[in-house]
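Look for subunit A in each of the two complexes below; its partner is subunit B in the first and subunit C in the second.
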Partner chain A sequence: MLSRTVRRALQDANLPPTYLLPFRARLSTVGHTIDPEPVPEPLLNSAHISRQTPTRPYTPPVSRQSSTQPAETATQPTAALPAPTSTSPSTPTTPLSDSIKDLLPLLRSQTPHYITAHLHGRPYLLTQGDTLRLPFLMPGVQPGDILRLNRASVVGSRDYTLKAGAPAASVASLPKEELGHADIRAKQSYVDERLFVCRAVVMGVEAEPMRIKEKTKQRQRHVRQVKSKHKFTVLRVQELRVRSLEEVEGLA
Partner chain B sequence: MPLTALRTVSKPQNGVGAFILQCKRLDFHYCDWAGSSRGMNSFLKGTLPAFAKANPQIEITVSPRPTKHPVIRGHYINGREKAICVRKMDPNQILQKAELLRDASGEKLRREVRRPVKSLNESVRGIWSPFHAPIEEKRWKI
Partner chain C sequence: MPYFRITLLRSAIGLPAKRTGVLQALGLRKRMATVYHPVTQDVAGQIMKVKELVDVAEVEYPLTRGEMKKMRTPDPGYYVERRAGDVRAEFEGR
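== the complex of A and B ==
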């Protein structure tokens, strides 16, 4: 009798999806799986979010080792589960160079990877599972949102390193037809964003203890106290992997 | 074949794989009599249902606390709790405080300027050693 009511209650209940339920509810309804749910297909294929560089025209590959990527505007702010809210900003057109075709499987096969990801021009050396406390409050994100970090200057493992090409300042000497519409002012070039996947989940917002600065004026006894308390967004690197050649070619 | 022990490949970390919001419970305390919780009472009637519906991960309890100021108290998965007194606040201000408690991690507030990245993993590339570096990289003669 009791079991029947319980079963009916379970059938009738319109539960929200399990990632929205509290932890204990997830334990009781889903069962004990520590495997993450498979990433939905639109997450795998598209949705490159570039928060850090708003618009950067196409920069041609400089060295054979790596090539930068046309990064068109991706100003849509948030990528939330289950479907990304930003359209795919990059149309991968550059063919991969031979050295990348040779060496990318080697880099991929050596598992612990690190990445030097750039956010707002600052480099952060990250591995999977790292916590990153950004020096600013990122607008328009909520805890649980997933960001794709697609600007990296270095992706590497213990023995292999994939570096970005020379910055575009030296590109200025190249002939014009080879230059394309490169941005001469660009100081930093990045690794081709098709070659790796780095996702970070927004953990929340942290704050610092309130600072109190005492301001004084001459010949006045009054001491003004200025208070400030900054907030910081905390990210955790959820996934960091190097794509296989088939995946990269499949994107094109 | 000798039996080998299973080695832990990775430590479980929140956000790697599954993400669990760090705030697990929010307690809203109000008082029917005191004027300082007038805004809190209208918040409980007007805004709280939408807030609770928007955040189904959080358990929300409402309980009276007579002749005291209204308080929001957040409980976190690291075992800590954080309480904010919301006396004489508008419902909008109270909503902001509730969102602050929702986004917080429950840790003590710290000032960290130097090291933005925290890692439990050991160094990917290892530690440089003069004995194992190739000749052209050797900076020290031994």
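== the complex of A and C ==
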């Protein structure tokens, strides 16, 4: 009953659609069904951007609906990234889509950036200078090692957000051995790792206070004490930046 | 040759012993276990006996347990770009 009234109240409130809400980049993941809005003038006229795309002046696409939305829509092509090993990272070679080419300089021009980096499938929202205590002890690293975080679902700034595409991998892009197994593949897709640089330095290892758990058995006076003291790796985000288009194309 | 990919979604606890026997014959011992069998009439009959408990898909190639584990394991998301020991060695060698 209560939930029904709440739902009705929400319907009656007549909220504007999400694309009309301010201060939030509205981003689609797949395809470009909605016309992107023109770029705000201060960003368009900044010399910083025109320096980055000298040969390709931005032409705002034809917009049929007018709105006061400040942010742009960026899409990420849904290309399955090859799995990297711990030592040799993968380098995707798919060409950048036009929306990325248009909007990446805008994202790059607006600092600071944030990133949702995924470590072992778990998301961590980070910015430069953050200290991150991982919930596990990272194997095989020493204090001072520099890690590259290369899996991110979101890279953004205040007004712009680059989101990863939908994870549905097309059957044609799968290797031959995995035909028919697409439904058990990973559900998460990631932003193209050429577009950003995220470096973290290993600060050290932190330990929690010793925990003592008393274990008892029935009809026995003896109480066993189980001790545990877990260790956690501490990282610090040393560098987080979005690459320029020249850099990205220079990698390929 | 096509294969059936059979996953046990519901346990056979409380069901007649014959159903449990069919699951045992298919090699399904616990929930969410996945086995591959070639597409034949007798396997199809076995699946029909336990069709309420399993999820079936037809695939081209069977996967080993290791391959299935690898497919559902998420990416580490990092790699070691520079080791502190290497930096120290460079500094001392200079």
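Just so it is clear, the second predicted complex is superposed on the first by the 147 of 252 C-alpha atoms of A that agree within 3 Å, B and C clash if a C-alpha of one lies under 4 Å from a C-alpha of the other, contacts with A are read in each partner's own complex, and residues count from 1 in each chain.
The rule is short, and it goes like this: a contact is a pair of C-beta atoms (placed from the backbone, for glycine too) under 8 Å apart; a residue touches a chain by one contact, two chains touch by 3 or more.
Bear in mind that the values here come from a model prediction, so they are computed numbers and not experimental data.
Engineer: So, A:Arg133: does it touch subunit B (first), subunit C (second), both, or neither?
Structural biologist: Touch partner of A:Arg133: subunit B, not subunit C.
Engineer: Pick one for A:Thr216: touches subunit B only (first), subunit C only (second), both, or neither.
Structural biologist: Touch status of A:Thr216: no partner.
Engineer: Based on the superposed arrangement, let me know which partner A:His120 touches: subunit B (first), subunit C (second), both, or neither?
Structural biologist: second
Engineer: Let me test your reading of the model: by the given contact rule, A:Arg199 touches which partner, first (subunit B), second (subunit C), both or neither?
Structural biologist: In the superposition, A:Arg199 touches subunit C alone.
Engineer: In the superposed arrangement, which partner chain does A:Tyr190 touch: subunit B (first), subunit C (second), both, or neither?
Structural biologist: A:Tyr190 sits against subunit C, while subunit B stays out of touch.
Engineer: Now for A:Ser99: first (subunit B), second (subunit C), both, or neither, which partner does it touch?
Structural biologist: Neither partner.
Engineer: Applying the document's definition of touch, where does A:Leu147 land relative to subunit B and subunit C: first, second, both, or neither?
Structural biologist: In the superposed model, A:Leu147 contacts subunit C only, not subunit B.
Engineer: Per the definitions at the top, what is the overlap between the subunit A residues touching subunit B and those touching subunit C?
Structural biologist: 142-144
Engineer: How about subunit A: which of its residues touch subunit B in the complex?
Structural biologist: 16, 19-23, 26, 34-36, 112-114, 124-135, 142-144, 156-158, 201, 203-209, 234, 236-239
Engineer: So in the complex, the part of subunit A that touches subunit C is made up of which residues?
Structural biologist: Residue positions touching the partner: 83-89, 117-121, 140-151, 177-181, 183-186, 188, 190, 199-200, 202.
Engineer: In the complex of these two chains, what residues of subunit B are touching subunit A?
Structural biologist: 10-22, 24, 56-59, 77, 100, 102-105, 107, 109-112, 116-121, 124-126
Engineer: Within the complex, which stretch of subunit C touches subunit A?
Structural biologist: The contact residues of subunit C facing subunit A are 5, 57-61, 63, 68, 71-72, 74-85, 87.
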